[in-house]
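Both of the next two complexes hold subunit A, though its partner changes from subunit B to subunit C.
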Partner chain A sequence: MSIGDGAIVTDESARISRINQPALRILGYSERELLGRWFPEVIPAEDEQGNRLTSIDRPMGQAFLSGKTVSGRAYYRRKDGSRVPVFLTVSPVMVGSKPIGAIELFRDISDEMALERAKDEFVAIASHQLRTPATAVKQYVGLLLEGYSDPITANQKLFLERAYESNERQLHLVQEILKISQLELEKVSLKIESYDIRDIVREALATVQGTINSKQQKVLVKEPDVPVTAKVDREQLRVAIENLLENASHYTWPDKTITISSRRLKDRVRVVVRDEGVGIRAEDFPKLFQKFSRVPNPLSLDVSGTGLGLYWAAKIIHMHGGYIHVASVPGKGSIFTINLPD
Partner chain B sequence: MGKILIVEDERVLNEAYELVLKKEGYDVSVAFNGEEALAQVKKARFHLILLDLRMPKVDGVEFLKRANPVKNFPATKIIVFSNYDDQKEVNEAIKHGATRYILKAWSSPSELIKIVRESLDED
Partner chain C sequence: MGSLSLVDQILEISQDYLGPAADRFVERQISMHLKKRPETLTKQDVYKLIDWIKLSFALLTNDTGMVEQYAQRLKLVADGKGNEAISQKWSQK
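And now, the complex of A and B:
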């Protein structure tokens, strides 16, 4: 935060008692129009999709509730009705355990977001361009391997197979990057329908069964006898679960067990993937869901990954209005939990 | 054997598909953009069209809009065969008569044959 940031000071009931010039400029109000007003009412906060945040859900409400500093992104409505993206930090002012007010600092991040978008668009265009030459390599190496030209020797076949595999890896990497950039450019819309989550779990399991079998691992499926229905995008959720199962298998030693369970709780549906793998240190948790991040562990050298799987899965779950969290003990294993709204 | 039209602006890909499908015994015609494809569908009826999306002059979606396959040649199977997998653009192609979408990057010669056979109900 810097000197050009907007600053708003409120009393214990979130009424505005002080406001600086940058805040007035960002929000398009005069000081007179805001002093003494209830902050959540006069400056509505919204999420990315334009849903209005309640006075408790918005960062200031969270700061009052928790007694702690809260940071994050939100959108504010200006006086003229337009939306402005802001990054903000709210600190409650505490006397003992009681908040007597709050200080909120925020800045307009429109330019940063435009830059991010330009970057995502660039990545999307570049990736599409990269696909074409790799597709041609696939075709022509494929033609040689599939006998469309003169016969080849065993050695030539081996070399061509290696070239083919390497090219496949490149195509998959491009695919992963594109999937992410399409999500970030909001070009992916979920096709939400009511499904039995048990079916989606089985489909995901079928896709990764080969990987699991190749490591002689066992799978335990825990599910109730009755349908576990939730409103989801079947395809996207399946891939998210596949990502978790694949990770579980990759980072677990051979002969161990991977458990996947699905069940309904009071107000949500929960899918849990538990492994008996290498585990993750608590200090590495924040890195897990970041783009291109791979956490070093005793098996990570053997596993080829893009560092995009968990990032993508978490994004998809968030788009469903759900969340994903992790618990782990190094050396014992990890538990990834997906919570989906009803 | 089926008549197939390949619409692909990338010459090396167009040639590879032609080689593979001819060897399988199909009657293959080629076009390098949507404009050439429009001329082809005026001259002849195809059982199947492999259609790229991003092409110079007339692109894939524009070709579909102008050719209007739903009305003019409903029996022709049209596979969008593109590396451009923008959901909106693919949906647009499906809306205008494409029957299926395949990501070009996933298709080796043998996979191409499989896709074509499936689409022509030859399996």
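And now, the complex of A and C:
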């Protein structure tokens, strides 16, 4: 906690029992206006789109449900009605093993978000500008290789082929960065319609089948006989599932099995990708869904990737109102579970 | 009514306050805080659960009386007086 952080203490009835000066300054209230008031009502929390978070979804609800400290971002409404983005950490207050309330620490992250947005815009513009000359390089090297200029020697051909491959990797990377920056700038919108998730799983599988075949891995598809319908963006969900399947294949030894299953639960649809791969250490879990993150493991040196696949998948699933859960045992394999709302 | 399990007694009471969300609410509290299956609940578990249920429920309603009454009825279940707890219905004080 820093000196400028807001702090709010609530009692067992979720009423504000203490509040510090920075919290009052950030929210625009006086102490008298907040003490004793019911926290969820007087300080509503919202998501990025301005939807009010339910009591269960706001970090305090999550902290009470898990019994642990929970951190996250949210938007608070100030007294004057304006919105302020905050990063907050909530912990249940315990007396022995008895929970008696909560303490919430938060800080205004308006400046950080403005900086982040400026960075995303810069990356979007820079990657767009980089793509044009890189595409021209590909075109001209391709022309040389195709023999549209003077004849080339065997050595020159070899060098040009390497230049061509490097250029392709560069273009792929630029394309990925551009895609992510568009996502960050909220330029990606979902086209939601009702689909049978089994079809999307099959499409995703068809796309990555080549990668799986090249490692002589087996694929097991488990699905019910009846449609598993959900309202999703077909294209984006397919890419998210592809990313999980590709990841499973990359970090699984040859001859092992990758299992993908889809099914409907009471209030959600679940897609599970299970591999028999190298697995992930628990301490690496937080890094998994971060941008450009590569988790070291026995196969990571053999895999060329941007470290954006899981980040993209998690973002897309989150945009659907769902989440990805991961479970893993090092040396045994990993299970990535997509949960989509009904 | 005497044949109802502890979790069924809790669910019966929770229906009064949470309606159709009762099952999920209670199930989540049990799995997260006790790491147990609902059918294996003991009276000691119910005592532990009451504090967490109370906190989470207090985030859902501004009605302190309702929160207190819900917790009191659950305490009766933990005390082995489930029938009494179920026969009391939620009433606005």
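Rule of thumb we're sticking to: the second predicted complex is superposed on the first by the 331 of 342 C-alpha atoms of A that agree within 3 Å, B and C clash if a C-alpha of one lies under 4 Å from a C-alpha of the other, contacts with A are read in each partner's own complex, and residues count from 1 in each chain.
By definition in this document, a residue touches a chain if its C-beta (ideal position, glycine included) is under 8 Å from a C-beta of that chain, and two chains touch if they have at least 3 such contacts.
All figures in this text were calculated on a predicted structure; none of them were measured in a lab.
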| item | value |
| --- | --- |
| Contacts of A:Leu158 with subunit B and subunit C, given as first, second, both or neither | neither |
| First (subunit B), second (subunit C), both or neither touched by A:Glu146 | first |
| Partner chain in contact with A:Ser189 - subunit B first, subunit C second, else both or neither | first |
| Partner chain(s) touched by A:Ser13 [first = subunit B, second = subunit C, both, neither] | second |
| Which superposed partner A:Leu178 touches (first subunit B, second subunit C, both, neither) | first |
| Partner chain in contact with A:Val226 - subunit B first, subunit C second, else both or neither | neither |
| Touched partner set for A:Ala134, first subunit B, second subunit C, both or neither | first |
| Which of subunit B and subunit C A:Leu115 touches, first, second, both or neither | neither |
| Partner subunit B, residues of subunit A touching it in the complex | 128, 131-132, 134-136, 138-140, 142-143, 146, 148, 171, 174-175, 178, 182, 187-189 |
| Subunit A contact footprint on subunit B (complex, rising order) | 10, 12-13, 16-17, 19-20, 23, 54, 83-88, 104-110 |
| Touch list for subunit A against partner subunit C, complex | 12-14, 38-41, 55-56, 58, 60-61, 64-67, 92, 97-102, 267 |
| Residues of subunit C that touch subunit A when the two form their complex | 24, 28-29, 32-33, 48, 51-52, 54-56, 58-60, 62, 64, 67 |
